[in-house]
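In order of appearance the chains are A, B, C, D, E and F, and numbering begins at 1 in each one.
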Amino acid sequence: MKLIKCIIQPYRLDELKEALGTTKVHGMTVTDVKGFGRQKGHTELYRGAEYTVDFVPKVELELVVPDDAVQQVLDLVVKATRSGKVGDGKIFVIPVEEAIRIRTGETGDTAL
Amino acid sequence: MKLIKCIIQPYRLDELKEALGTTKVHGMTVTDVKGFGRQKGHTELYRGAEYTVDFVPKVELELVVPDDAVQQVLDLVVKATRSGKVGDGKIFVIPVEEAIRIRTGETGDTAL
Amino acid sequence: MKLIKCIIQPYRLDELKEALGTTKVHGMTVTDVKGFGRQKGHTELYRGAEYTVDFVPKVELELVVPDDAVQQVLDLVVKATRSGKVGDGKIFVIPVEEAIRIRTGETGDTAL
Amino acid sequence: MKTMMKASSKFIFLAMLLLIIGALVAPALVTAQEAAPAAAAAPAAPNKIDTGDTAWMIVATALVMLMSIPGLALFYGGLAKTKDALNTMAMTFVTFCIVSLLWVLYGYTFSFGDDVRGLIGNASKLFLKGVGPNSISDLAKTIPEYIFIAYQLTFAAITVALASGAYIERMKFSAWVLFSVIWMTLVYLPVAHWVWGNGFLAKLGALDFAGGTVVHVNAGIAALVGALMLGKRKSKPIMPGNLTLVITGAGLLWFGWFGFNAGSALAANGLAGAAFINTNTAAAVAALAWMFIEWKHSGRPTVLGLASGAVGGLVAITPAAGFVNVSGAIIIGIAAGIIPFYAVAKLKPMFGYDDTLDAFGIHGIGGMLGAILTGVFADPAINPAGTGLLYGNPGQLWTQIVAVAVTVVYSGVMTFIIFMIIKAVVGIRVDAEEEMRGLDESQHGEKAYNL
Amino acid sequence: MKTMMKASSKFIFLAMLLLIIGALVAPALVTAQEAAPAAAAAPAAPNKIDTGDTAWMIVATALVMLMSIPGLALFYGGLAKTKDALNTMAMTFVTFCIVSLLWVLYGYTFSFGDDVRGLIGNASKLFLKGVGPNSISDLAKTIPEYIFIAYQLTFAAITVALASGAYIERMKFSAWVLFSVIWMTLVYLPVAHWVWGNGFLAKLGALDFAGGTVVHVNAGIAALVGALMLGKRKSKPIMPGNLTLVITGAGLLWFGWFGFNAGSALAANGLAGAAFINTNTAAAVAALAWMFIEWKHSGRPTVLGLASGAVGGLVAITPAAGFVNVSGAIIIGIAAGIIPFYAVAKLKPMFGYDDTLDAFGIHGIGGMLGAILTGVFADPAINPAGTGLLYGNPGQLWTQIVAVAVTVVYSGVMTFIIFMIIKAVVGIRVDAEEEMRGLDESQHGEKAYNL
Amino acid sequence: MKTMMKASSKFIFLAMLLLIIGALVAPALVTAQEAAPAAAAAPAAPNKIDTGDTAWMIVATALVMLMSIPGLALFYGGLAKTKDALNTMAMTFVTFCIVSLLWVLYGYTFSFGDDVRGLIGNASKLFLKGVGPNSISDLAKTIPEYIFIAYQLTFAAITVALASGAYIERMKFSAWVLFSVIWMTLVYLPVAHWVWGNGFLAKLGALDFAGGTVVHVNAGIAALVGALMLGKRKSKPIMPGNLTLVITGAGLLWFGWFGFNAGSALAANGLAGAAFINTNTAAAVAALAWMFIEWKHSGRPTVLGLASGAVGGLVAITPAAGFVNVSGAIIIGIAAGIIPFYAVAKLKPMFGYDDTLDAFGIHGIGGMLGAILTGVFADPAINPAGTGLLYGNPGQLWTQIVAVAVTVVYSGVMTFIIFMIIKAVVGIRVDAEEEMRGLDESQHGEKAYNL
């Protein structure tokens, strides 16, 4: 199994969810995060002063998928979230040694 | 060392913390996350309209533990958070190559 | 590539960002988290009653870096965030098998 | 573009419909009997300042000001998405400021100056020329004219601001600023004159105690037309950012509305008392009606439902407050809790216009409801100036319908034109990407919360 | 069930205790001298509307309305957990609406209609029959009766709403709606009549300028009994969701309280002035007293302490506002800052009842404190209608104790019965899982914040 | 320490400068013509309570109270960082309570007691000795003295609270409590007496209708000096925690300001009417001016700009409200929107003092602006008590400058001394680590939000 970590633009989340609906990925975990990278933050105003907010709000998806599904999911994610503009985000693939579904105690791919 | 990622029901956190108190796990990191999975969200009302909130609020625990403690922790987590109802959550085990305690610079298991 | 997860004191973030500016780490992802560990939370008051908030607000940085940059980054992080006081935080190093830049589809180190 | 087409076509249809109504009711104009406007409710003694009346009207003016900032700003701002909350509040805030200035420059004289052919006030009081601490208007014979001017100012301001509820989350701030200036000038001033400045609707005998047509129908139609012109927002779902602000805003609106309705007696007297208790009763009843309907309809009663119902009740009782008795207020309250609910829950999805915060659904519909029911329940025992259908004067109902129809047509047509002009000059909508990032950041470079 | 046992047993004990007190004070009934109720403070001239008094009372009525929505709604809603904030606000909101309706239907006549055997008002003014813009009540001889009706309405509404503070985070919304209807009818109406409608407590000479017993003791006891009946919440720790709302609410309560206390003079006169400055002084002193006590006790002064102390002071000065002088107000303020603090910090944990927001600790205790101290500090130089122990009239203290005891026993017993009935009809508590998810979602399908 | 040096040196320079001004204007003292203080605006009839005037002044007093809690508390609290929000609100809250108590003990008599050598009031009314429900002050001949006392109390309270805006996010709460007590006693009481208690500035003919110098210049200078003494905060960037609170606060300030300015007529009359409309006009114009300047300057108009401009306009019109005509109000409004903007955007960074929320930039600068322009635009047709430069009385402008200079010097010097004393006694700043954790937790053990 792999943990696929996707850091994407918040407003891409819905499209991505739909796209994944077509796969055998049944679940995912989403976190609001602050991103630092090539895409720069915006400037805010305060009584004539300007200060830059140096981070960009992003959303981080964590998907654990069976090895055989990884490639398909990666393609889907890229397809659903690419705009070609700086800030589209990143995908990281991390090995997972075990997964357990708490409810049933099932382990391995069947736990996903 | 392993990183044990547990995605659980928010209101199970306290019980789980107590349970872990009995082990040699000294610390953990907790994040509020949104979960998508078999357990569906609820519906909210707005002037006669109903819209479904499709995610479920969850809590993600990250515990890094020595290899020899993994099994014990897994059992504890399952025991403390299982209700048998859909939505109990998942546990993922991810390999960790190194850990450092910033304060002391200690590394490896002693850093945990 | 490695995923370097740093759990640090929130008010150390700026210094750390500056420090990293000097390296070839171009991006990072930051999450607000609650930490449990040796450093204990504080007590709050409510009409003559005292209750302890048992967690400590922390910030979690996720940095994916090429293998050859890991050591340098680790040193920098420790340098930038160590105060020697309990609660300085932890660093965990986790293997990453693949990285993709959504915008371009680039993979591997060049995607970072 | 497509939206545009749909919008205008929809609008044309609407206009047609109403012009027909207008035509139908023409005869009524002939038969309609004379009747004094609400102002006449004040004692017809020689003009002399009464400290008690003045005390009340100073406070009433402050109360209506409070309805805009922060009342309406909170009610609307809390319902907006968090990323658009400040922009929504800014719309009400800037409008109150703009109208405050224009009102003393020319607004007051064109609506309350001496009547010119029943259509508009004359320019005799441009820049408040000739008004001093001792001046008293014939429309309010026991208070300083300065207070009467300020009191009417607050009505003009909130009327414009109300329309913003249908435009938020996509309208350019610059366009809104322009809209406030033009709409207040070309729409509010004449309509206010027609009804309250001894204009033709007043002469016609239309009853509007505190602004059912002048304020709510007027703003509600502007809301609908503007929403059609702006087109739908990109992101459908409603996400009230902060409902605690909505409840706070609703409370302040209710509180301020006592100044709005009881203040329209222009004196501290029994009529103000009647308007006060009618206002409170209708608001409470409408809140309960909406809550129970929703409980039945959706299975749970909502806090937003209570607040929306209360506002609906306040809107509907506005034209009636100083004319009906408590039973009338209760019936109006029930209607005002149920009908706007269905307008919002069914009509809006059916026609598919994007009235973001239901400014039309609640103020437009509620205002028409109140204006018409005033013609039914006006009880001469409460106010000799008004006798409704139930008390043997069916003509009044007709007159009310005429007044509503005239307002609907005029406000509708003018709003359409004004939007066309603004569209040509500065454009009316922010671009898609700004809309998605939120108007707080794109229009103001600010963020509501840094928690 | 167990909770139930504990609850009732605790309650029985309480009831016994108070019946004994009641018995002890019986003799007082005989010796107690006549004294006019606060209302009599208004000039006894022939009934004629005074525009100044009317102006003030219209505003005072609006101010007391503001105390409920959004005042109390914010004060309570901000203290509730975020997941229960809207439900908490909804309780006050819906109660204000329910009472507003019932008051004009039958509430007013049963509490202020002509006295029937000192127990209740007669039905002569059912549906406000016979009341018009020119009516004036003998209880307020210089203002329109409509305003007097509305003013008294706002007192009834907030009294019921106050009790909700002890019930939140676990009570069914439907049960609360029922409670509002029944409790207002069976408890508030008679008690208000006894004290302010020339009922037996008025005849007895009990002094209650603005509602120490009628409002605060009454609601405070209902709060305690209800909390016992409901039992403890599942999750202990208090987690005030938004303290900025609490401070806002406290400020609006303070502001509105001027209408509550100074308005109880029913006129714009020197007595109102005295009530005003006493109110402000007691609130300020109590806030400081609470702050310093807490500073000593817990090492730091809290903002919630300042706000809670202020409310405690406002509660305690309520019955005394129009009777004591400024020194009296200062002493009452000190007591009201310290005693409720200990009631909340020590008594509650000791007895273990779950009075979520300390409605009993602050309103119950503070109300008794104020009612009794009124019997000590009432200064005839401020108001001839009241002379306290310090000014040579020990009987007054006794009378005050009687009034408190009667209210405690009646409110306690009735609340117990009402809860039993509601428990049987719809149940009083949400199930454990709903409580854990939060009442906003389970009862209303809403969420306070989407930030 | 270094900060300390910089602070004091900066201050010395400031003081020198002003002493020179003071010297320069000395001659003016001789030539200055007599003129009555604003109070004289009330009719000079025999003292008799007028119910209308009383009704208005009761409400006006409540309105000014509302300006502090929650008005200013919200305006400041919403601008503070989230971790310091409660402490910021607590500063205003505790100050209002402290002043409320001290005012009835000795504040009133020392500022409004019979004049002693033009410098201070005598102690005849210590603890309000001799004041009762029927007392009437010669300074307000138609309302109960209790109301006059309470009204003046609210001015004293908000003046002290205003200064806190420059101190927040680093000042010890205990130091602030001490500051409130001492500054109100040694600075506010005498200055208020000089201008309103028939003190030497009144005799000199200084015009200050509602507190331009007494309240805003006074507090603004205290803000600047205190900010210099406290030194800079550790963390630079401003991070307004919750701008919805700021808008709410601004709205409540605007609303309450009607009580502040129109109430300063001390009666419900045409002068109050003039003050009312001037207040609203100046606030609106200043808000627009600030918005447009910022739009030009930074490319986008901000909501905070609208709110800040409105407050700036309210500040500047305060001394002028009852003296100028509407045109005067418009010009003052424009100046008050532009000049404070530059003071905040340019002056502050230039000199580098850390006036956290621009209490000096807005209240200090705006107050001076208003006080001086009053000497230019005072129109005898509005108020015979004041004739400005434009109406042929250049001396008035001079007198205004004198009054401002005297206030600046006195307030500046005294604030410096008071801070030195407090620094010695309890210290003025929290330690770096507490500052970083936030003052809510370190000073109060509380957290604004648990969302």
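Going forward, a residue touches a chain if its C-beta (ideal position, glycine included) is under 8 Å from a C-beta of that chain, and two chains touch if they have at least 3 such contacts.
As the structure is a computational prediction, the values presented were derived from the model and not from experiment.
Among the remaining chains, those touching subunit A and also subunit E are B, C, D, F. Averaged C-alpha coordinates give centres for subunit A and subunit D that are 47 Å from one another.
Subunit F has its Cα centroid 36 Å from the Cα centroid of subunit D.
Separation between the centroids of subunit A and subunit F, computed from CA atoms only, is 53 Å.
Residues of subunit A in contact with at least two other chains: 31, 45, 50, 94-95. Each of residues 50-53, 55-56, 59, 240, 242, 248, 268, 298, 300, 302, 304, 444-447, 449, 451 in subunit F touches at least two other chains. Chain pairs recorded as touching, per the definition above, are A-B, A-C, A-D, A-F, B-C, B-D, B-E, C-E, C-F, D-E, D-F, E-F.
If you check the complex, the residues on subunit E that touch subunit D are 49-56, 58-59, 61-62, 65-66, 69-71, 73-74, 77-78, 85-87, 89-90, 93-94, 96-98, 100-101, 104, 127-128, 132-135, 143-147, 149-150, 153, 173, 242, 245, 248, 268, 443-451. Looking at the complex, you find that subunit D touches subunit E at residues 50-53, 55-56, 59, 63, 81-82, 239-244, 247-248, 250-252, 254-255, 258-259, 262, 267-274, 276-277, 280-281, 283-285, 287-288, 291, 298-304, 306-307, 310, 326-327, 330, 381-383, 449, 451. The touching residues of subunit E, counted against subunit C in their complex, run 237-238, 240, 294, 297-298, 300, 302, 304-305, 308, 341-342, 344-346, 349, 358. Interface of subunit B with subunit E (complex): residues 11, 42-45, 50. On the side of subunit B, the complex with subunit D involves touching residues 45-51.
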